[in-house]
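The following pair of complexes shares a single chain, subunit A, combined with subunit B in the former and subunit C in the latter.
Up next, the complex of A and B:
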């Protein structure tokens, strides 16, 4: 038997046992779990534990020391493992940097493969959309209707229409992400306006596809990897030297796959791009106040930026807001608390997601802020919905839209 | 990306936070990088200064007595280093005492008005009570954890919570009663009970932090008072010992509500990690630093450094997908020991992770090539402890780490806390105390070094 055959044989045996071997690129995460010293510090910080209690969600320590220790029994964790929002708080406080949010995806991938009947039903809608259309939201049937919706949003928000730019030999790929492609089209438009304004040689994808994050979060590893591979091919073919996105989830996910699949191209969030590539002085001189008086603004830090990319990104976001005339930033004290929108939890356990939101909403409504600004269209939607349910009149803006609205137009 | 700062503190436990506070108090700009939480967050929150002499079984009566004994017997103990500046014989203790006293006062100031407000002094050790019902000497306690005075008529009720596995009131009461009887001290009447308080509806797997958060909610503590009143009536309790769950935000206020409604005295026991008071301590110090305009860069790990001449000029930090270079004038290494991650062990011996500083053992010999197991004794609990916990980096009188030849590693690198060698905190009961005092001293030295430039 050749080595290759032997490997296949063993894999076959494992398959009968319901065991899916780890990919090479998963081993680092798997090893990090072995470093857990069972100290329990993570439990005190997990927003899901704080919102629904340890009995409903046994928490990150139990993920590290119990739920991930027995490959044949991964299926038995399905009622718990799908409740993690992937916020990354536990990894941030953990003295041993145990990578809980990643191991959660790895376990979900095993359940998805071997016991799909145990995957929460609420996730299959997204799954179907992803496999049918290669984006997380169903595309519009009618392109004209999509454009009408876009134009309405642009007009309401006072943005300017910039035609799509799809060209060869661009320096930068602008990747708006699924939410901005299909739903929050104003964010895509704002991103184009900003790049255009600063004279960036950018392009959009001719044919957009999802980065694979939602697939990875539900455990559909195959779809996630195939979407990532598609995207890599497109980025390589374009030959761009940078990728810029306006979405926090895409920032961390693109950075993950770009590192794993060796894109050799840096991926930035728009806030980082503006502060470090365009330069804060240039940005400052391009901005004007939108109306008289001072607008009191509080920020929300997307988990995917602060905990899955770098805490520095919000420093950049604050620097940008500070550069906008007529804006006063008021701290909420909860800016880095999870909005409940992560990990696809809201798709199948709405009660958990909205319990997690409580701290966030409570903190925001206790400030004098008239506006929440956050550099992510998904967080924007999530917080908007939570504040609305709470009866609050505070509005929420995506940061790219907020900036685009205040560009000095010639 | 690059950031400039006067003082860079590596590590955000007690040592790093105390160093950052004192450097900022002295007017320096400060950045703290913290790759995660460490032993400080994991502690019971009681701040031990000196409880025992290694090998001894009788606790010190006071921190002062402990300092005198330690500085007298161990000339290179971190407490002794604090007094090395004074050259006159016998005055090393006085100087060390002055420094520790100063750091205790600073800490009380930093924590005043926070949920971790702290009391105690070097004049008398406190006999704190643990969730096991045992007593432990400590110097400073959060206000809500101080055992109240009791007399022969007092009735102490240990109250547990159904579904909280960290505290067994029956056992605690039994153990405490046996100990009281042994030393012949009050209280003489001890009771235990358990109540059900299920913040999320079910009385299983209730974590202490859940209860603490619940008590911070409006009406949460009043509800607890109602539930407790039956047990108080039944037992006639004058004092109630609770596991440490009195709240994360307003523990003092919550205790007052209980005491007013029940006409008893209430206090919290010392508990296992992850304890609520440990969290309160860390959070409160973090907030104090925010008030001093100090940035704590969470999840940033110092990975590498650059040296120019005899100075550290650059420290490279990494976070999830980004890196950041910090250009400091002074650096304080407060990276902790095995939990914090400042020191790690492998089959090749112990090493200091960032600067590759030599790690020495209890007797100041190199640990190079020694398997960590060889630094432990066969019996796990014994009064001399394990040499492993006394291993760390050696320092000069300004707390600057030494290189392999005994020279100062870099003139602008200071260190503090459990990364230091020469003290065995688990047996001495000196962990947070050494971290605090060396932290304050290192922070002052680092700020002082700036002014000299």
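Up next, the complex of A and C:
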């Protein structure tokens, strides 16, 4: 047997045994799991365990000491591992820095590859969309309808229409993310308004594609890597020196792939960009109150910012809100609790996602806040829906929209 | 009335003894199996579980033939407790190939019958794709496949199957003397370690399958027997850090390995002539360093891996002297002590895990011949308990509302018995609760084992269920298991506490030699839980520390 044939044969055996070799860039995560001392601190902080109990989701500890120890058995973890929302709370409270959210992705990737029949059925819709259209949401059939929807949102929220800018030799790439591209178009419009307002030399992608995060979360490593490669190629071709996004998930995902694939370009969330690149003083002088009186606002911290990027991002968000005249920030006590929208859980286990959001709903409705603001269109949608179901009249705004609404217009 | 007369008495509850008891019972002999501790509590419990195709004994073609045939038999009778490991032998220089030539040829000759490929050769690039932990400097690697069995379950299943065929199995029953009459054995005198009572069992045929103690048992009958005792250490990692098994040359040119086993990885083994007491042996610093240093060349990050414990066992090699251990035959011998003036006593020397069924068949043939019984061996044909049928893990998980992984782990231990254990939760829904978080093990399986598999201690439950064998080494399951044991066996709290402490001490025996890195943090949790919270170090009064424990 030639060496090539031998390799093919061995790959066949590994597949039969359910072994998908770890990649080089996964070894660090695998190594971190070895540090678990089974102390159980994570179980007491896991929002999924708190909401649905250990019988339904055995929790981050079990992921470390039980479910991830033997690759040939990864297939059998499908009923548990897909219930993790990937919020990262476990990793944050862990005294040994065990990287549970990452190992969850690594295990899902193996299930997806070897036992696709065990991947929750609810994920195949988004999988199809990702492979067919390279974005997480199916594009609109009719561009005019899409524009009409955009215009309606702009009007309702009091935003100004700014034509798309796609140009060479821009300094900044504005990357709104799938949610803002196809669904929450107001966030994309708000992002453009803000960048325009501060005179940033930015561009959008001529042909948008997903950063790959949803593919990664469902375990489709191949699509995730191919989307990431596409994006890298586009960023390199544009020659921009910075990337700015309004989406929390994209912020952490783009940071991860930019580091892994050596983009050599920093990625910022809009709040970071405004505070650190534009400067808080400049932002403050550009903002005005929207109406008389004080608006009581509570915030929600997206997991992908505070736990997957940096807690500093929410300090920036609070500083921005503080710079807006006529806004009073009311703490909810649950601002850093997962909204339930993570890990694609809402796609296949709505009961679990809703149970997790309940924690937020309770905390938010107990405040005197009239508005929830969060720097993530996905959290916005998740919390908005939950508050609505709960009969609450509290509205939810994406932070970029909230800022754009209060820009001083000439 | 207790039965005292048997056709045959088998001494030793390891892989060989249980296999002999099974074979004898299946052939209709009234059989008694005596074990002074628990089933699989010594040599076999410290092995890697490899049912080897004979890769280390390619110079002995007959033995390789036998091993290969035995692998086929095991895959027929016990496939539910067997897994296949793909194995790489990475080479850093051409001289690493020197042992490869003959091996590749001999291995490949017999590969087809085991349904595995012949030895294959892989490029360095492909090898690194399969195993990124390898040293990128490798020049090539050899690939082959071997099968691994759960040695504890194998022995227990053989013992249970012997029982099903009418044998009596007595653990914690130590043979203190062999009764002789007119140049022949008449029976044995035993000491019951649980009750402290002595008694006698009568038989004209005794099979001495006591491994490294065989010479001591023979001596009870004043029969001479020589063994070359050779100890070996394994280092156990917390999880499968490698995708495949790795075999490499050690510092002294011997071959050592890194084998995924169950949900751990075993690094082994050493081979040192020994005159120490097999009961109190622990791995030495030198052995641990020898293994790590040797593996480090091909898996550079191995030193940073998390070691959870070590284990040390003694090989009862056939007494061949003035040659290196590697040159001693891996075959076995049956010594008929008739020539020593002790008729009816048969002793084993040598042997390997993979040969245990073959050894049993051979000695049972002799026993039958002696007793004038004509009966055919069926141990290679009839499945061991649990291997009768396939198990639908997904359907059972759904039916009982238990996680798939929990059911799959149970299946890997239990096969078809999984159904009986899960059925217990119909009447006792609370028995679905997790006792051991690492393996995992649910309460129903602990209760089932206590009621059907004659464990006496928490350590016996560990052999049957793998409780306490994970990364945390019994941090959270020990007190839960102790509580169930106390309830099932109606132990009072002082006995239960002593039992708990004895088990923690037993774990300590294997943990202490390699204690380093992350396991130190883990040990802090254990100490905090059992000493600071449970006050065990204060409340247990009649505890005697083991020889491996340091003075307080």
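Just so it is clear, the second predicted complex is superposed on the first by the 398 of 410 C-alpha atoms of A that agree within 3 Å, B and C clash if a C-alpha of one lies under 4 Å from a C-alpha of the other, contacts with A are read in each partner's own complex, and residues count from 1 in each chain.
The rule is simple: a contact is a pair of C-beta atoms (placed from the backbone, for glycine too) under 8 Å apart; a residue touches a chain by one contact, two chains touch by 3 or more.
None of the values given here were measured: they were computed from a predicted structure.
In the overlay, answer first, second, both or neither for which of subunit B and subunit C A:21 touches.
After superposition on chain A, A:21 lies in contact with subunit C alone.
May I ask you to decide whether A:34 touches subunit B, subunit C, both, or neither, giving the answer as first, second, both or neither?
second
I'd like to know which partner A:65 touches here: subunit B for first, subunit C for second, both or neither.
Only subunit C is touched by A:65; subunit B is not.
Go through the superposed model and pick first if A:10 touches only subunit B, second if only subunit C, both, or neither.
Only subunit C is touched by A:10; subunit B is not.
Once chain A of both complexes is superposed, is A:312 in touch with subunit B (first), subunit C (second), both, or neither?
first
In the superposed model, which partner reaches more residues of subunit A, subunit B or subunit C?
Result: the larger residue contact count on subunit A belongs to C.
In the superposed arrangement, which partner chain does A:94 touch: subunit B (first), subunit C (second), both, or neither?
Only subunit B; A:94 stays clear of subunit C.
According to the stated criteria, A:80 is in contact with first (subunit B), second (subunit C), both, or neither; which is it?
After superposing on A, A:80 lies in contact with subunit C but is clear of subunit B.
Please work out whether A:113 is in contact with subunit B alone, subunit C alone, both, or neither, and reply first, second, both or neither.
It touches nothing on subunit B or subunit C.
Kindly classify A:232 by the partners it touches after superposition: subunit B alone (first), subunit C alone (second), both, or neither?
neither
Which subunit A residues come up in both lists, the one for subunit B and the one for subunit C?
On subunit A, the overlap between the subunit B and subunit C contacts is residues 37, 39-40, 55, 58, 96.
Touching subunit A in the complex: which residues of subunit B?
Those in contact with subunit A are residues 1, 35-38, 41-42, 163, 199-202, 204-207, 209-210, 213, 273-274, 276, 279, 297-301, 319-322, 324, 339-341.
Show which residues of subunit C lie in contact with subunit A when the two form their complex.
83-84, 86, 117-118, 120-123, 126, 129-133, 143, 145, 238-241, 243-244, 260, 262-264, 301, 304-306, 393-394, 397, 401, 403-405, 407-409, 432, 434, 437-440, 470-472, 475-476, 518, 521-522, 524-525
In the complex, go through subunit A and note every residue touching subunit B.
It comes out as residues 37, 39-41, 43-44, 49-50, 52-56, 58-59, 91-97, 252, 255-256, 259, 276, 307-313.
So in the complex, which bits of subunit A are touching subunit C?
1, 3, 6-7, 9-11, 13-14, 17, 19, 21-24, 27, 30-31, 33-40, 55, 58, 61-62, 65-73, 76-80, 96, 118
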